[in-house]
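Here the chain labels run A, B, C and D in written order, and each chain numbers its own residues starting at 1.
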Amino acid sequence: MILVLKQGTTPERVNALCAELKEKFGVQTWPSTGATSTLIGLIGDTSRIQIATVEMLDDVSRAIRVQEPYKQANRAFHPEPTHVTVGGVVIGGQRIVVCAGPCSVESEAQIRGVAADVKAAGAAMLRGGAFKPRTSPYAFQGLKAEGLLYLKNARGQTGLPIVSEITNPGQVELFNDFVDVFQIGARNMQNFELLKQVGQSRKPVLLKRGFANSIEELLMSAEHIISNGNPNVILCERGIRTFETSTRNTLDISAIPVLKAKSHLPVMVDPSHAGGAVYLVEPLSKAAIAAGADGLLIEVHQDPKAALCDGNQSLSPAQFAELMKKLKPVAEAVGREL
Amino acid sequence: MILVLKQGTTPERVNALCAELKEKFGVQTWPSTGATSTLIGLIGDTSRIQIATVEMLDDVSRAIRVQEPYKQANRAFHPEPTHVTVGGVVIGGQRIVVCAGPCSVESEAQIRGVAADVKAAGAAMLRGGAFKPRTSPYAFQGLKAEGLLYLKNARGQTGLPIVSEITNPGQVELFNDFVDVFQIGARNMQNFELLKQVGQSRKPVLLKRGFANSIEELLMSAEHIISNGNPNVILCERGIRTFETSTRNTLDISAIPVLKAKSHLPVMVDPSHAGGAVYLVEPLSKAAIAAGADGLLIEVHQDPKAALCDGNQSLSPAQFAELMKKLKPVAEAVGREL
Amino acid sequence: MILVLKQGTTPERVNALCAELKEKFGVQTWPSTGATSTLIGLIGDTSRIQIATVEMLDDVSRAIRVQEPYKQANRAFHPEPTHVTVGGVVIGGQRIVVCAGPCSVESEAQIRGVAADVKAAGAAMLRGGAFKPRTSPYAFQGLKAEGLLYLKNARGQTGLPIVSEITNPGQVELFNDFVDVFQIGARNMQNFELLKQVGQSRKPVLLKRGFANSIEELLMSAEHIISNGNPNVILCERGIRTFETSTRNTLDISAIPVLKAKSHLPVMVDPSHAGGAVYLVEPLSKAAIAAGADGLLIEVHQDPKAALCDGNQSLSPAQFAELMKKLKPVAEAVGREL
Amino acid sequence: MILVLKQGTTPERVNALCAELKEKFGVQTWPSTGATSTLIGLIGDTSRIQIATVEMLDDVSRAIRVQEPYKQANRAFHPEPTHVTVGGVVIGGQRIVVCAGPCSVESEAQIRGVAADVKAAGAAMLRGGAFKPRTSPYAFQGLKAEGLLYLKNARGQTGLPIVSEITNPGQVELFNDFVDVFQIGARNMQNFELLKQVGQSRKPVLLKRGFANSIEELLMSAEHIISNGNPNVILCERGIRTFETSTRNTLDISAIPVLKAKSHLPVMVDPSHAGGAVYLVEPLSKAAIAAGADGLLIEVHQDPKAALCDGNQSLSPAQFAELMKKLKPVAEAVGREL
């Protein structure tokens, strides 16, 4: 971190400020005085120092962070890519991992049917919502614990590991018994109580980017989980909120290479929520793989027209099987497998 | 809700669709066939119907909502403005209510000192954070239950009702004993588990708009609280995320008259978080009052330079007293009192 | 267009309104009265009717456009994809067209050198700026007419058609003599005087999306050009402005399939400006091709470190040649050629 | 400007880099080496140096601008507020200046009528569009030169100075004869050819902020005009584009105090375009005055329902007169006159 001092700061005040910084933050200081202004470089662990705090100090005009405020999620301190293993499935390796399933678990028959179909088409994991956060209090809120049980049964039948969204810190124990991956939804990316709880487990966490959160904030939320003890974090880009209204969200395709450069964590993409329309799933899936994603999260429902949520962005099993065939050559074109 | 059917839909299929809509959603249907297309009007309670769901139906090209999807927060169904009473303080009435205090409770002496100062300057309520959601896991997270106790003691001393942020559905009982208003922070505006819990209480709720949530979504979150049984909701505009970086957030000043037109709930404004800088608090506070806000939330710290969070946007007690003097004529100019 | 009337509008006023609409806008009207409200469907060419205008009419509560406000750029009225031919190069066909070159023409030697290099690597067109719109009045503004001359000479040497940005309606004649494609830059997408001028030519126009313009606005600007007589419009997505700051702009990858669905015009992508960094050019180029783009615009400079503008996002000729090799299998994976 | 060098840069390379910077940019260099990295401070006029250019240099890891890239619009170099005088009207002084009139001039009778009415109600200037940039090529484009003539006649009758939008660099001579203030519309804020032309005049320029342009970009566009010789620039905030759709744009009320802090130029606000609805004009006008605006731009039409554009946001003369009465006490509450 570099502090730019106000013009006219005297050498005595520079010394006093350096002493204050050392004591308060435990950092080394490195002042240097130029023709018109003095700078102080701070050396040591500055990730705990808030910009706003040091900018309040007398004589400080501006503080500039030279290093990112996250460490454990940072590629600079962990150059090798992290592989997260779920059941026998490796996320972040050579193979692109496709996780498919319905927005909501609606019945045991429904989830067993979808599970069999997506497995046959090449999916490596099964997704399904049991606790559904919904904008409207009048919309279907999910089957809750019953839904988790049906997901577990579907895993028993197919062997596919289960991903499901957790929405309350009090549910960690329940989810521990039923799912293989905790999904943190976009609306909870900064629900720090929830991040702390899943951070105290060792079970993998699929962390979705909030629709208005920056890439740095996503990595700070990953840092919350890792710093609580759980290194098994999978990042997920699912579209951000912009002025454009012709798609449900704007898929930030650049987030894939940016996250790969800044972090060692694997990156998945959710083209179903990003686009919000069936016809966009194929082009966005291809684009995500081409840009370097490690996996996809795709909504599949046996009868999209009858789905209790998100039917307009869900593929039928036949559409999903067709999609998997089309994605294969794209994966191979960028040196991956599907 | 109006459904626009696909061109070429036969009368038989229009009839079948009407029957399906009646059975599925319990609404009346009103088809009308024009030269090139057929429309179906849906009459009854359409707030439970998702646009996406009906757009998946065969023959439907597009669904258009004519009424807002919220009812209990809607001014159309409740024309009189709601007054929320906290202690003896009325929010939404003639008097503009100022709630002041530090970002975080740091010690008992600190909060008692600020409480006395802001009361003397004319504040009607005391705010202070005990559980702090922080982007960085390395930043100060608050004094937690101890902070709540100090707030309660400050109320005992000054009589000022207490507003403090709740971050976990499991904390409702604890907060019930200590605070007068549950604050739902911007990051938790769509934490529906938390909204449900505070909705099952009767204690007033200050609901802050998420920094990337639309006005409609804010009102839908209010609907979550009211529909669970708690009508005492205060809305709060605190700035939204835009491309502009010269302020911490962009205060959406228009949200005040828009919320007043769409809803009967009182509206407060937080100029401290919106602007993120001391020099912006005065102009944004004046603007908020001029635009019709019912109250303000202002950060005050006895020594902003030493604050553990948000010091750069906190006023000193002297600055706050000065601000209150300047706001008085603006309130009077728009027919209110301070 | 559908008009929703205010509750309580009498049949007499419905009739009077229908008469007014017919006379004012030359459309057929199709009223239909339901239990709680009356709708009027407007049939005919409603693209000339502004929503705001009809919403001002007595008795009208809301106007809803059912059809897009553009016609000549609309796929619904022109189902076959448009191929734009420049020199012998076809844009919008089976082959993906890569247009490469420097941000600015800096000297004749420079542009001749780049032209030879990009041609050797497989580029089909040459881009280069002669008139440069720059945010700062102190930045390099381009070589102007001299730059155009050098571009023409580079075409003479290599045969590559020339794309260059026009910034002033008064330059059309000059550009007519020197370039093969008028480029309309993002900042001028709604410079309607300029659109009108290039619309009166028959020379192809590369129309870049403004960084804060919606897809519908992009198509309305295309409509300005086509309705003035020039059907040879190539659309170009180059990133939009969002809250995310880790990339120069946010490439809206979904714009490719959305534009393809809504319009018959070919779509190119500029990964250099979208990402604003060399390391992002390859993943974004691959993603664009995978998502269905018809071409790419790529900045190449012989010595990016010495470039007078945009050096940080320019590839060297060697990097460009390497990129072309990597894009080939991606194009083939989606059934195209490079 | 501060350059942060890459780790491991040797002293010899630091020296060589300093020499290169001196020669290339004519600045003084001030290197300082700390424990882990070396910084170089650049002293002199760095407003001509692009961040991107120096970040391409070998050994440079990052360049940080300490000063704003604009000088002539910068309050730091010009602490006294600028007063722009138009006819006898002073903008930026004690009195808040209201400029009112229709979106478009539609006929001589119309503009004469409005002019008389807004003058009677207290407006100090008359606005009206003659050349209208319209998103749709099928919308009314204005009366063009004829409209300017009618405006001039209305000035003859009322004495009110005229503000009208210029859209083409080729129109400067024409406008010189007819109007008192060149208005640069939001869509042309970065039409640098047009800025250059109006910069070569001495006639005042009302520069509207682009709906997706940052405050810094607005000041850079002012710099384009001033650096061409015209110091008479009036800035205008008119709403920015965000994700919120319940208002036409989002009025960035904070832009007023931010612009006042960063620049010496007067600041006006356009509440009509910002809100896009009649009911928002009053609260936004009051808020703008309360936040420190020097003037307002308000759309007034004698028969808003019959207006050829923007009728839904235009006040009638009676509504305007009423508004002026309500604004008076707000202006006085903040120590201004109306």
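Note that in this section a contact is a pair of C-beta atoms (placed from the backbone, for glycine too) under 8 Å apart; a residue touches a chain by one contact, two chains touch by 3 or more.
Fair warning: this is a prediction, and the values are worked out from it, not measured in the lab.
Asks: Looking at C-alpha means, what's the farthest chain from chain C?
Replies: Most remote chain from chain C, centroid-wise, comes out as B.
Asks: Could you let me know which interface, A-B or A-D, is made of more C-beta pairs in contact?
Replies: Pair with the higher count of C-beta contacts: A-B.
Asks: Between chain B and chain D, tell me the centre distance in angstrom, where each centre is the average of that chain's C-alpha atoms.
Replies: Roughly 32 Å separates the two chain centres.
Asks: Please compute the C-alpha centroid of chain A, do the same for chain D, then give the distance between them in whole Å.
Replies: 40
Asks: Compute the distance, rounded to whole Å, between the mean C-alpha positions of chain A and chain B.
Replies: Chain centroid spacing, chain A to chain B, equals 27 Å.
Asks: Give me the residue numbers in chain A that touch at least two other chains, ranges are fine.
Replies: 212, 241-243, 245
Asks: Once bound in the complex, which stretches of chain D touch chain B?
Replies: So the residues of chain D touching chain B come out as 212, 214-216, 240, 242-247, 250-258, 261-262, 274-275, 279-280, 283-284, 286-292, 329-330, 332-334.
Asks: In the complex, go through chain C and note every residue touching chain D.
Replies: Residues of chain C touching chain D: 47-48, 50, 52-53, 55-58, 69-70, 133-139, 167-170, 187-188, 190-193, 210-212, 217, 220, 223-224, 227-228, 241, 304-305, 307-313.
Asks: Which chain B residues qualify as touching chain C in the complex?
Replies: My answer: residues 2, 4, 28, 30, 32, 34-37, 39, 41, 43, 62, 64, 66, 212, 241-243, 245.
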